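One chain, subunit A, appears in both complexes that follow, with subunit B as partner in the first and subunit C in the second.
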Partner chain A sequence: MTMTEPRDGATAPTATEPLLHVADLHTEFRREQGEPLRAVDGVSFDIAPGRALAIVGESGSGKSVTMRTVLRLLPRTARTTAGTARFQGRDLLTLSARDMRRVRGRDIGMVFQNAMEAMNPTLTLERQLTEHLLWHGICGKAEAKKRAVQALADVGIPEPERRIRVYPFQLSGGMRQRAMIAMAMITQPALLIADEPTTAVDVTVQRQILDLLAGLKERGTGIIMITHDLGVARYFCDDAVVMYAGRVVERAPTRDLLDTPRHPYTRGLLGSSVEVGGRDRPLAPIPGSPPDLARRPVGCAFHPRCAEAQLPRCREDQELIEISTTRAAACWRAGDDDD
Partner chain B sequence: MGTIATAESLDPTGLTTDDDGHRDGAADQLGTLRARGPWAKAWDRFRRNRLALISLVFCGVLVVVAAAAPWIAPYHYSATDYGSQLVGVGADGHLLGTDQLGRDILSRTIYGLRTALIVAFGAELLALVCALAVGLAAGYRGGRMEQGLMAFTDVMYAFPSYLFAIVMVAVLGRSIFALIVAIGIAGWVTQARLVRAQVLAIKQREYVEAARAMGASGPTIAVRYILPNAIGPMLVTTSFAIPAAIAAEAGLGLLGLGVQPPTPSWGGMISEGTRYLLSAPHMLLAPAAVFALALLAFTWVGDGVRDAFDPRGDQR
Partner chain C sequence: MTETTPAVTPGEETVDAIVRAENVTKVFSTRAGDVRAVDDVSLWVARGETVGVVGESGSGKSTVARLLMGLQPCTSGRVVFDGRDLASVQGRELRVLRRRMQMVFQNPFGSLLPHYSAAANVMEPMRLHGRGTKESRRDRAVELLDLVGVNPRFADLYPTQFSGGQQQRIAIARALALEPELLVCDEPTSSLDVSIQAQILSLIGDLQDRLGLSCLFISHNLAVVERLADRVAVMSEGRIVEEGPAEQLFESPQHPYTQRLLGAVLPVTS
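Up next is the complex of A and B:
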């Protein structure tokens, strides 16, 4: 059994329909006192099968909360107040808890940043990899074990039939991360969400992980990668969404985004990125720090840190402006920059 | 640094090789993988602690003696020998002498051990089961269950546990069952609080979120992901609670609230012994000495268990 085309073709979306269509998502966190924090504030994006989407932003920009909203894995203090997340024709946000459980792990896989933390220390790899196959009733125990061995082999772990008996902490960091990817893809999900999958690993392992994910993409899996690493986004992702203070500030094919950023924040990110900036360009970190969501600046949330800000125009709310069919940016001057 | 830690740190593949050098086809270079689970690691650490290991053996002997009391004890605990009352150590075939009714002290001490261990283990089992069930439910589900538990534990905290045990014995009568319930109930609330605290901490761990992301249901997460990771610290408190329960049983016996005579309990024997302290000190010394040794051994085992489950244990 190898990882080939996604399971049952009947529900596979057509080329025109995105795999996941997120529209106008709003999630807020309750606080002891004061207004709830709007952690996700009107986020929309699409992802098609076999494509990879990067969600880029500083920590606290709401990228992880966005994906947890889609998977409905929010803590109890959070509430999704509006929006839709259509996945294979169904709105995930209105599914029953039971149906949602069936989607998680089976149709949507998730890869976490730190495999050491994300694996149960009391379970062997075999248990770890096969449990959700059994929960979802995908196959029986013997078949599950065969699949687990195959999945470990697929991610390049040598001697899988032996390593399947060990506990997570007995593996090296890189192997552990690969084992976690094996765990996420063993059910052959149509969509894989990877939350900073390469942040906690060595550069050499980083490359292996990305190649693994690229293999999945070729077989038609849609991949959403949450990352703050623009180098990884450029290398791996077809499209990118830049988030700032809970909103999408720019959306574009990755290449265009990095070559001709239209939002000053995207430019700022590029300026502070070591990998993408290159040696000929001096590092230009964005002044200031990401805004406290409790005191979100009026209008464009980025304007207090923006070198190009012009008051009072920037104190007005700015929607995304469509620049072309594939890209949009939430800056009133985004359209002027054509040169 | 212990041998186990050394072997693992020298092995760049993160795999350990079987001691017996078992070989199997292509796996030659790697040796045989041995799954060393958290339990095996805890045992390895426990084993390195000599005092705990000796104490564990001693406790094992105590358990065997208690279980085999009818075969080991030279006399029945209530058999009276009117010819030789209050005789000293070694006299008339009574190795540790007799009490004021001519009963064999050695036999009574052995049966007292039986009483102590049945009460201590019974009470702890009861406390542990209640604590795990309630603590897990409260910590995982939260809500009203949690509020109720916290309110209840606060009341229990404010209530002196001896007073509570006295009330329980008064209500249920002086039986082993009453003692188990009295001591168990006095103990489970604190343990339930501990389980709850553990659960709250583990609930935040990423692997619990990962399990949810893979489609695990609430009960699955509670039983497969939270419970096994909470059990180590629980084992630590339980192993310390056992000597405490032994002491509590003796304490109640001393107050005359132990098991119904003539069933022996160390507390009762010590209490009787104090009355003949000057004329027959052996009546007090035998049960008191065994009691002290048993407490010490169980406490040292507890120490060993605590160190074995200490997350920093490997770095020493």
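Up next is the complex of A and C:
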């Protein structure tokens, strides 16, 4: 199954090869003592051009490590032990470091949660924006500057000719986040990976940034958005995968996922989320906290927190079970109430 | 209580307020000039009531919390806690007042003492205020940890050995150690995961019911405030632009800014 089938035949391209095909990814972290930690443990997903995929999960679920694995930006203590990440016909995991550098920033753009940390505080926006263009040899200096000004204008930064000379700290948080998106988009990458791009900004700015990213999507950019915010996923992403303890526990078109969640963990996330207008709905928090990967529960990692768990079935490994052509969940009971 | 301060809002004189800000302004002087962080704000918390303050970053909501706690002096206006102007109280008397108001911060790890165990963190305010003996303080700390859902078996572990949610529970236990009448929470769930946020919100709601706490609850998250607050004030650029009962404010917001804030919320369910 792929996530690329159009739901209503509207926008998604048909039957073409996915933009990025990730299969059976495994990444582990070395420790001073004991077995390595399996931070990413058999993750697979696809993304098509012009689509947005949400990777949803709590801290420690492996969503950021998954993306860092694909981008080959892991710390030294981490090692990818298996899997493929096919992007435009090549496996990113086997590219030379040199070839990989040509992909990052040119074909794959990156947007991070905190622009203040992601940008170089000692360089003006002009230097940072033109760097990708000049380093990849896409154009000359004069043209690069022109494009940088245009890129700032495109993300709605007023007075781009003046703003291009400022340093990141001279911008407000919302403006910095936009500048970082401009930086990621200036090379017109085919794929954009955004790690919690709106978590650090105010709600009114969040909407503007998502609408900005929606414009890119319309022009055919595939977007992977890492988020813990189910409202953002619903608003922006066509499809979603839910991660827990390094594995995908459910994948589905976002609306289906949130309207009829099939994995108990997804249901738990929904029961935990507070919504405006939901004052009278009692909160149903998931008890306990996400597992320490060094002490990953056997079988389904969620079963110690799961209200619906049945032993010994849940102590066995749970594979992703396909429920329909577009949905899968890693729970042996997920298919039970199929409609 | 002998409340003699002048009324700020019609009808307010009848309110038995634990804390009241009267036309409070706070100006910070920076190299770039003066910043009016809080501009003529009047706000009160009645006994047993939870007041929510919402606003975006830079709206002045955290500064309001700090002024109400007496952690910073007002530039003009005054803060009255249980009938006493905080600016006129000093030294020993201020310390006595202080233990009646406690605060929970956004980052629990930053607010706990890293080299003190969970129990020692909760005991510290009691020690500083000369409450009980070492043994009785420890018993009380263990009781409080149990109350907020931290297993007393882990009382001797250090903050780093707990998850973020557990750390926030310890910070709440510490805030409750002196049996405060006013609890000020500044973004207490903003650094927590969704499932943990829900647990902490349930805990705070539960404590409000059980202990009859008066509470000032500050958050940028409208849904969180709606869930816990009886009354809500919306801040923008240092001013309160709208204030009213939570239900009413969320159902029919009057001020364009409140409408814009609510309009920007992205629903999870259809």
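The rule we apply is simple: the second predicted complex is superposed on the first by the 317 of 339 C-alpha atoms of A that agree within 3 Å, B and C clash if a C-alpha of one lies under 4 Å from a C-alpha of the other, contacts with A are read in each partner's own complex, and residues count from 1 in each chain.
Here is the rule we go by: a contact is a pair of C-beta atoms (placed from the backbone, for glycine too) under 8 Å apart; a residue touches a chain by one contact, two chains touch by 3 or more.
For clarity, every value in this text was computed on a predicted model and none was experimentally measured.
> Identify the partner contact of A:G231: answer first if only subunit B is touched, second if only subunit C is, both if each is, neither if none is.
In the superposed model, A:G231 contacts subunit C only, not subunit B.
> Regarding the shared-chain residue A:E58, is it in contact with subunit B (first), subunit C (second), both, or neither?
In the superposition, A:E58 touches subunit C alone.
> Have a look at where A:D91 lands relative to subunit B and subunit C in the superposition and call it first, second, both or neither.
Neither subunit B nor subunit C is touched by A:D91.
> Which partner does A:E319 reach: the first (subunit B), the second (subunit C), both, or neither?
The answer is neither, since A:E319 touches no partner chain.
> Kindly classify A:D211 by the partners it touches after superposition: subunit B alone (first), subunit C alone (second), both, or neither?
neither
> Applying the document's definition of touch, where does A:R104 land relative to subunit B and subunit C: first, second, both, or neither?
In the superposition, A:R104 contacts subunit B only.
> Is A:D24 touching anything from subunit B or subunit C once the two structures are fitted on A? First, second, both or neither.
Neither subunit B nor subunit C is touched by A:D24.
> On the A-aligned overlay, A:E308 touches which partner chain: subunit B = first, subunit C = second, or both, or neither?
A:E308 sits against neither subunit B nor subunit C.
> What part of subunit A is in contact with subunit B in the complex they form?
Those in contact with subunit B are residues 71, 73, 76, 101-106, 109-110, 112, 114, 117-124, 131-132, 135-136, 159, 162-163, 165-167, 170-172, 175, 183-184.
> Once bound in the complex, which stretches of subunit B touch subunit A?
Of all residues in subunit B, those touching subunit A are 12-16, 27, 30, 32-33, 35-38, 142, 205-207, 209-217, 220, 224-225, 228-229.
> Which residues, counting only subunit A, touch subunit C once they are in their complex?
58-59, 173, 202-204, 206-207, 228-232, 234-235, 255, 258-259, 268-279, 283-287, 289-290
> With touch defined as at the start, can you tell me which subunit C residues reach subunit A in the complex?
Its residues touching subunit A are 56-57, 163-166, 193-199, 201-202, 220-224, 226-227, 246-247, 250, 260-262, 264-270.
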